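Just dropping this structure here.
The chains carry the letters A, B, C, D and E, assigned in the order they are written, with residues numbered from 1 in each.
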Amino acid sequence: MNLILEIASGLCLLLGSFLCLSGGIGILRFPDFYTRMHAVGVTDTLGAGMILIGLMLQNPQGIVLLKLMMILLFTLLINPAASHALAKAALRNNLHPVLDESTNEGRNKPSKP
Amino acid sequence: MLTAATIAILVVMLLAIIRCIAGPSLYDRILAFNMFGTKTVLLISVLGFLMGRPEFLDIALVYALINFISVIGVLRFSDSAEFNHQRPEAASIKKDKR
Amino acid sequence: MVLGLYNYWIVVLLMMIGFYIVIAHGNLIKKLVGLTIFQTSVFIFYISMGNVDSGSAPILAEGVSRYSNPLPHVLILTAIVVGIATTALGLALAVRIKEAYGSIEEDEIQIQDQLTEDNSKC
Amino acid sequence: MIAIAIVRTKDLLAVVMLTGIYGLLSASFFVVLDAVDVAFTEASVGAGISGLLMLAAITMTGRTEAPKRHKPLLALLVVLITGGMLIYGTLDMPYFGSFDAPVHQHVAPRYINDSMQEVGVPNIVTSVLASYRAFDTLGEVAVIFTAGIGVLSLLALPQRRKPYLVDESGKEQMYKQHIVLRVISKALIPIILLFALYVQFHGDFGPGGGFQAGVIFAAAIILYAMLFGLDNAKRVFSLSLFQLLAAIGLLLYASVGVVSLFNGGNFLDYNVLADDPIAGQHLGILLIELGVGCTVASVMIIIFFNFAGRREAQQNGEER
Amino acid sequence: MLAHLPILQVIVPLMAAPLCWFLDRSKLVWLFALLVCGFSCLTSIALLQQVMSSGTIIYQLGGWDAPWGIEYRIDELNALLLLIISTIGTIVLFAAQTSLQKELPKERHTLFYSLYLLSLTGMFGIVATGDVFNVFVFLEISSLSGYALIALGKDRRALWAAYQYLIMGTIGATFILIGIGLLYQMTGTLNMDDLANRLAEVNQTRTVFAAFAFLIVGVCLKLALFPLHLWLPNAYAYAPSIVTAFLAATATKVAVYLLIRFTYTVFGIELSFSILPLQNLFIVLGLVGIFAASTAAIYKTNVKHIFAYSSIAQVGYMIIGYAINTSTGLMATLLHLFNHALMKSALFLALGAVMYRIGSVQLSQFQGLGRQMPLTMAAIVIGGLSLIGVPLTVGFISKWYLLLATIEAGMWPVAVLVLLGSLLAVLYIWRIVETAYFKPPLPGREPVKEAPWTFLAPIWILVLANIYFGIDTRLSVQVAQAASQSLFGINP
């Protein structure tokens, strides 16, 4: 039983790390704000969730578990909300997604960094 | 395994910082900031396990909350800053829509 | 032997950066940010002073025999509070200055002051 | 760490965000260095509250920094001298982390070894903070209180007239856009408040205590104020109530000391508060942590409300 | 209750500050604050008596022994400082109610008194404590309230001055924090007495030198010693008059106290003066300070500016006395601390009275005031004479001892320069006297009435004290002597 838990937690951690890393690369490499947001979404929910679940499997008892659940809940609640608000605010301030590099070059002017 | 996760998170944090510094628009920065905050939460919780004292998850919890609050704060204040000081033309467009 | 002190040197570097921002920059808010960095680096300095190799956080627990030094932690808790108090007051002052002078750049304020001084002389 | 600190560009908003990151980073640094309590505080203060205050200030003062006109050679010189002095000073220091350093040999061992018998609180930081060096903490509360009064004396507006009717509709519009956030926060705020209480009373056993709890509490209310509007927030939590609370917190702390005076001990000597010294210590620490939490939370809220109130007044003035 | 005097000294104003919020009416708050100040004044007198009769008082806060807990350690030096601060605080506060009516909107009065009391608390705390970190905490209390008090000034330049003061003050405080950290690193203790003992072992290390440098620079920033004085003139000039009178008389004194405490008690005379070239450095800085500041004072047109620069010059005298490093020199410094507090508070209060009546302290506005406000102007003249160091005033006594000390130490050139510096003071005082007495009143201005009695009473108490301690020197000299001798370890 213990071994299974150990392996499961290890797998979760690894998967989470991989997702985080890919998201991290994504945030650097993606061309515009909205695609970057996608990358962040991946790391923030799935990556974080995986790592947290991995941790939960490490020490499945008592208050520690409770706290981890709380953190998970918070990340799952907070991040989508924040991203939503962020996207909305960005759109309102005339930051348009890059749809096609060749035609839309002029429109992606950053709204004053 | 925990060490691997720590290293991965640290790398991601670094990437987020780069985006935050380079990010062409304000919102890129906020995004990176948000991501950075989440990663810090993860880092702290993993570190707690790494050091064998998992009761320090309290800190991670606080980070999560504080992170949320500061992102909201940045959003709210950047909104009003944009509208009222920096970009009068944007404000007028807004009014027209109403 | 040098490696044993690397931590302090990083702190010193941070301290210098913060201090430089305080002195060299003209923007009032920026100055306060610099001040925060300056203070934070001092905090890190204290905390690294209290660290012990293979020590654990100073909360008594079973199975842990070596703890870091709690005293610097206490001092820094106090100092952080003092720091935020100073920052808040400084920001309040900056806001008032903006209202009174219409600017938060050091040079512009000094020019304006010079003008008032001259006016009152004549 | 260093990289961030160096690249502080002209846009103040970005600078503030970088400061937030810096705060988070140094907090994680503190965790690595075993200073959990400090990390706790630094996270909530460095990354949270001070960033918010700076933001509030920036919206009032404008975002961009003017380019520099003079060459800061002199400043560079001063900084270099200071840094050189410090490096020079570090050369004779005991190595980082070595156990034999005088720091760990003289005063600290007693805290670590005896505080359980003398104070009876597992968190050594709390026992030192609230008992051995309680007077420092009293000073700290007084500093916060001073800052509160200072900000109040600088930014307080004369008595508010009737709320501006014209703006209400505009504001409503603005808040409607945040409907998702508002729903989420409505769910979160009670949890945050509960968590603050947990931190407040759990400070004896884990990281936390009055100060951190106060900041978290304040953060929850600030969140409310940001999303539901300052006027609404003021309707729920009136400003004068917080002024009262701030004063009461400081008084509570000091009067614990005075009571111990009357019970025949020295100032802030908790041993005399109850029949049993340990029980007395517990009572004393509980009370003063409560005082700290009270003052810190209310002063933070006072400061924030004053900043935000000032800002709204300015905007209303501009729109007319 | 007598055993608890040291803590009562600090804690009473501290608790009174929040209590101010519960009293609504401005006048009531004033009375309350005055009462509190009067009480702390009595406490400090009692403390001084206790110390003089039975030696150093040690009070352990929280009942913990010294290096673990914080202790208060009151010797002659602290007691003297406590007395100065509380007395000046009380007398100045007496005039506050009247002066504030003109200079501050009504709703800020309560806040003002709270801040005033907190500032007082901070200074008491710095002076009374025997723990270096506690010094830092209370230093911040006093300086934060100081910034806020200065920013209350009517002129918008007050804000800017307060901001500059905040930046400089915080840098100073952070430097002190670094210094404390380095000391702690080398010794593992924060208690001053314990530090002094344990530093003896490690005092040849570079870390201790660095700590020393940081502490000294930090304190000097607060002290407004010559090259670091830039924040002071504006801060004094644009603050509300009461604040100026209070801060000018006390804030720099506290910083001088810290300097003395750190160099003599914590680091020990040997390290401070024989290993490091501190003596010459300070004497030169002091002299340059006297001349530069006095010259600047001559060319200023705002009378508050004049006296602010003169304060910097006076700090120069104190530093010289301190740097001579003899018992007499230190005694001269302490005497000058006491005397300068008396004269500066009298002068700034008198300026406050002028401000109250004519709403400005530009020199040009002073024309003809000699006839219209005879009592106030007479006070300014006597205070000015005291600044110059004319016999029969307190200024003379301290200058006399300073000269004695320099001559004793064989530093003739310094003595001559000190005398020359006093001559510069004649010049700027004369400018005020000339304008006030020998120029006709400004045409087109309503004749000005004499200041109200709430101003005159404290001013003249201070002025009479000026003269009294100039003639009957037994009390002040005795205390100063005892303090300086105990610092040098000589038993009288």
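FYI, contacts are C-beta pairs under 8 Å (C-beta built on N, C-alpha and C of every residue); 3 or more make two chains touch, one makes a residue touch a chain.
Keep in mind that this is a model prediction, so the values were computed, not measured.
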item	value
Chains contacting each of chain A and chain B, listed by label	D
Chain pair with the higher count of C-beta pairs in contact (C-D, A-D)	C-D
Reference chain C; chain at largest CA-centroid distance	A
Chain centre separation (chain D, chain E; CA means) in Å	31
Mean-CA-position distance for chain C and chain B (Å)	22
Euclidean distance of C-alpha centroids - chain C vs chain E, Å	27
Sequence positions of chain E contacting 2 or more other chains	133, 137, 140, 144, 147-148, 151, 178, 184-185, 190
Chain A residues counted as touching two or more neighbouring chains	74, 78, 82, 85, 113
Per-residue multi-chain contacts in chain C, two or more chains	15, 19, 28, 49, 56-57, 59, 61, 71-72, 75, 78, 82, 85-86, 89, 93-94, 96
Contact pairs between chains, per stated definition	A-B, A-D, B-C, B-D, C-D, C-E, D-E
Chain C residues touching chain B - in the complex, by the definition given at the top	56-57, 59, 61, 64
Of all residues in chain B, those that touch chain A in their complex	1-2, 4-5, 7-9, 11-12, 14-16, 18-19, 23-32, 34-35, 38-39, 41-42, 45-46, 49, 54-55, 57-58, 60-61, 64-65, 67-68, 71-72, 75, 78-79, 82, 86-87, 90
Chain B-touching residues of chain D, taken from the complex the two chains share	3-4, 7, 9, 13-14, 16-18, 20-21, 24-25, 27-28, 31-32, 36, 39-40, 43-44, 47-48, 51-52, 55-56, 58-59, 62-63, 173-174, 181, 185, 188, 192, 195, 199, 202, 206-208, 212, 216, 219, 222-223, 226-227, 311, 315, 318
Interfacial residue positions of chain D with respect to chain E in the complex	85-86, 88-94, 101-108, 110-111, 131-136, 138-140, 142-143, 145-147, 149-150, 152-154, 156, 158-159, 243-244, 246-248, 250-251, 254-255, 257-258, 261, 265-271
Touch list for chain B against partner chain C, complex	51-53, 55-56
